[in-house]
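Next come two complexes built around subunit A: one with subunit B, the other with subunit C.
After this line comes the complex of A and B, so read on.
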């Protein structure tokens, strides 16, 4: 019974984590169309760029003058026929990787990209293994096999016989 | 010799950790070490002594200048941005000092996290004539570990950082620094 309480706690904890995961995305949803100052193409790009001065704030919601200027430049570059990727590259060269909201995939930065995936796989594998061990209903635990030298084997059998006879 | 099975043994407190847990812990420690090292470097603050980090800067006029090319001449490096209101206060002093001392001191303006049209408008507004350029990819500001703008670094004629002024500099402070650098 106690084990099922543990399982329920795990499920409840996961639900809370998922709720927390999705709530910021709702908070940063697109603004109403009536309040928009720029065409949708501009927002498509600003949603993928981060303010070079703020911590984790996207350009489409940032009110700093530098982000105002970035939006104006995006308008000009779109009018000049530049693609989304060209514009993002322009800001990357100007402000560095921070503006893309992700570390560059080079050198020691690769650890940041690889380790979370590896850690997730290991954690899942460990979790599954733990769950199988603790919630496998009716399964007998695996008996370790040991080797007994002949003299002890004979004595063991003698003792067992005597135990059975004495009953 | 025969083989028998026994009841499972009670787990020993000294048994080895599972491989997956060991790998997970190792990975976590590596990530924490990298993050910690980054925080230590950031926590050191601005470069305020020692050799000045060398850099190249493409100016708004299209020239490319390198700090080490001015070895033998004191250099004033000013980090600024057009969106920085505090920078507006010191811009006239910097330009006036440059015009007074340009025979003896080099001035370099590094534009931090800015847009080109706004930066050019700023330079025009204060009629700034010493070399200025955008800090592409924040490489220079990262090398000097600036915490914001304005910040002004004073480099002696041997290429060593002699001091840094955080925030807007006054005309008197600037003149005092220039005299110190010239008279060394």
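After this line comes the complex of A and C, so read on.
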């Protein structure tokens, strides 16, 4: 048991070291430089928008001219004082729901979002019900403690060793 | 040469029809001569398929542009390597490659199991040949690779430049090997139903084949991700693209199957369930090809343009209908040999595992199909992209990871809550400590903290399992500690191979979470000689350099890279323009500097008139963990697959039991 805790400590220690190494300090945003084409606020918006012409590419990583234009428009709108939500709404009206990367959560489109989760939960509930029907809930199976006499214990060890050696 | 290929494919089709029927009726009527003839025909099919494949390869190498496929896949000046491997770059060639692989699998099955289950094997080969008939029908009548043009073009179009990448060259063969590979366990399952031998024999005989298919599919996806990351220039490796999803779906169901067959092997339960899973895995592997080849993903109308989609749809319908009818007919033979002993047992954990895998699969399936369904119903295609998959499949994957941490801690049959708690509490404590530490060091996104907590829980559980096994092994054998560790794995390959696979999944998850939540992107324009800082890095643009060969023009923009004061090297992102492709095609060549903790990833987006260049720079944390985790996963599969003398002994016992049963039957019939 003691060695077991030593092992846990080693693993936890390694995890802490890893976590320290990969702390958000390592993941801070790039320093603002004059060569930057866009300020950080632009990326905050483009990270949440999708290219209207590609299959699932975010605007911040897309190279198509349409995404270049979108970035430029965002710069202008930010300078004009528009909020992130207003800008997103503008692109939504311009290009439709595809620009959000997924169907809106309204009307029949709710079905897209909830069906897989509901189906899985129902299936899990069915599985649990099936298990419960077979076994009284909370009933703990009896696990008798078996005392093995010494000669049998020795024989067991011998057999196991032989099994090991034979492969 | 094209005539030889054409005739070979026709001959192979005729032989595969014959082999299917000969093997089926040979087994049904117990006619050894007919079975032997069917086996010989199977060898003949493989030879003819190989001849057709080599013929097309020859036509590609000599660049006979009169053959339509050759004119499309190669061009003068295209490197020979890409000309040879370009055979699987297009539809007809990839289908030809598919039948060649199916032939290789069929020969492999025939050879490996030549002494196994004589009642089962003719049916297995018959089913595999039936699948072969379908693909040869498609090749002969819908996608003929040897079709000639009315004229001889001066030059070909050449392989799509995007596909001219080593990872992309290896990606399709692995993916196909995975897709085709699922034919083997499916054939064993159908053979078990046809022959009425629904015990554990088919599961044991096909287990390694399932692992091979699963491994290839995984490797195919890994290479696809690697290619996307290094070639497409958007800094990611997985985009929930329908084509990616098409390979993920059979892999997910295959994973569920690999878990649930253990219950059938160990406890004689879940027999119907396993049948359903392998039918689904096989159909999904065909469905994946249907999705990618029929054009249905572009538009429901593109589906009608190519006949190949109709062929696939009909085959899928026949397979589903036939398999389910057979399954329904044989339901009385598939009764569980035992009942579940307790709700807290490994069997019960596998049940939940399977439901979750099906849930994740359904999410992927639903998200992939919804655009098609919406277009079919409303006439308007509704796009379903990464936010949906991340939000809906993400939590299910997290629950699955948590279960992955619990499952191995539970014994077969039954356990007590006290016993379970003793095993589960230490990993929970570890996970909580990890979450607190992450919070303290400044990780403030709760989803990241929870996700890493779950990963920590599952990792600690697995390490403890290794620890307990290693301690017991040392006590038993008295070996050196290091030797005891390897002995432990060598003597329990399936179990510890599986645990290594789990650890691979956990490493991969660490990488996915890190790269998804902490990726940074920045666009920069630099004049020649100019330097700038990006995070801890300093980059200096040297000067744009142009070059030209027979198929493309290239602009390369070397960058010097430092991290702090340390010079890391020169990165050369570039832009290629393939002028032979109709309309021209611009491709980016990404430059990446990888380390264990983050990648510095540069894409050249353009060179300006004043000589300056614009770059998109990504700092992608922990991407190396994604690759390392995937490799560990593959290594674990390899360990679990490696021949095990104990398993051989079990198989021998099964063979002996079958033989004695046969001799008893023979005596009683006499």
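Things to note:
Following the convention adopted for this analysis, the second predicted complex is superposed on the first by the 84 of 167 C-alpha atoms of A that agree within 3 Å, B and C clash if a C-alpha of one lies under 4 Å from a C-alpha of the other, contacts with A are read in each partner's own complex, and residues count from 1 in each chain.
In this text, contacts are C-beta pairs under 8 Å (C-beta built on N, C-alpha and C of every residue); 3 or more make two chains touch, one makes a residue touch a chain.
A quick note: this is a predicted structure, and the numbers were derived from the prediction, not measured.
In the superposition on chain A, contact is made by A:73 with subunit B only, not with subunit C. In the superposition on chain A, contact of A:56 is made with subunit C only, not with subunit B. Within the superposed three-chain model, A:94 lies in touch with subunit B and out of touch with subunit C [touch as defined at top].
The partner of subunit A that touches more of its residues, comparing subunit B with subunit C, is C.
By the touch criterion defined above, A:160 lies against subunit C but remains apart from subunit B after alignment on the C-alpha atoms of chain A. In the superposed pair of complexes, A:103 makes contact with subunit C only, with no contact to subunit B. Once the two complexes are overlaid on the shared chain, A:123 sits against subunit B and subunit C alike. Subunit A residues 98, 112, 115, 119, 123, 141, 143 lie at the interface with subunit B in one structure and with subunit C in the other. Within the complex, the subunit A residues that touch subunit B are 52-53, 64-66, 69-70, 72-73, 92-96, 98, 108, 111-112, 115, 118-119, 122-123, 125-126, 129, 141-150, 153, 156. Residues of subunit A that touch subunit C in their complex: 3-4, 7-8, 11-12, 15-16, 19-31, 33, 35-38, 43, 47, 50, 55-58, 60-63, 71, 97-98, 100-103, 109, 112-113, 115-117, 119-120, 123-124, 127, 131-132, 134-135, 140-141, 143, 157, 160-161, 164, 167. Interface residues of subunit B facing subunit A in the complex, by the touch rule stated above, are 1-9, 18, 20-21, 23-24, 27-28, 30-31, 34, 81, 83, 113-115, 117-118, 134, 136-139, 142.
For subunit C in complex with subunit A, the residues that touch the partner chain are 233-236, 239-242, 339-344, 348, 351-352, 355-356, 358-359, 362-363, 366-367, 370, 382-388, 391-393, 395-396, 414-419, 426, 429-430, 433-434, 437-438, 441-444, 456, 459-460, 463-464, 467, 471, 476-477, 487, 491, 514, 518, 520-526, 530, 532-536, 588, 597-598, 603, 605, 614, 616, 618-619, 621-622, 645-646.
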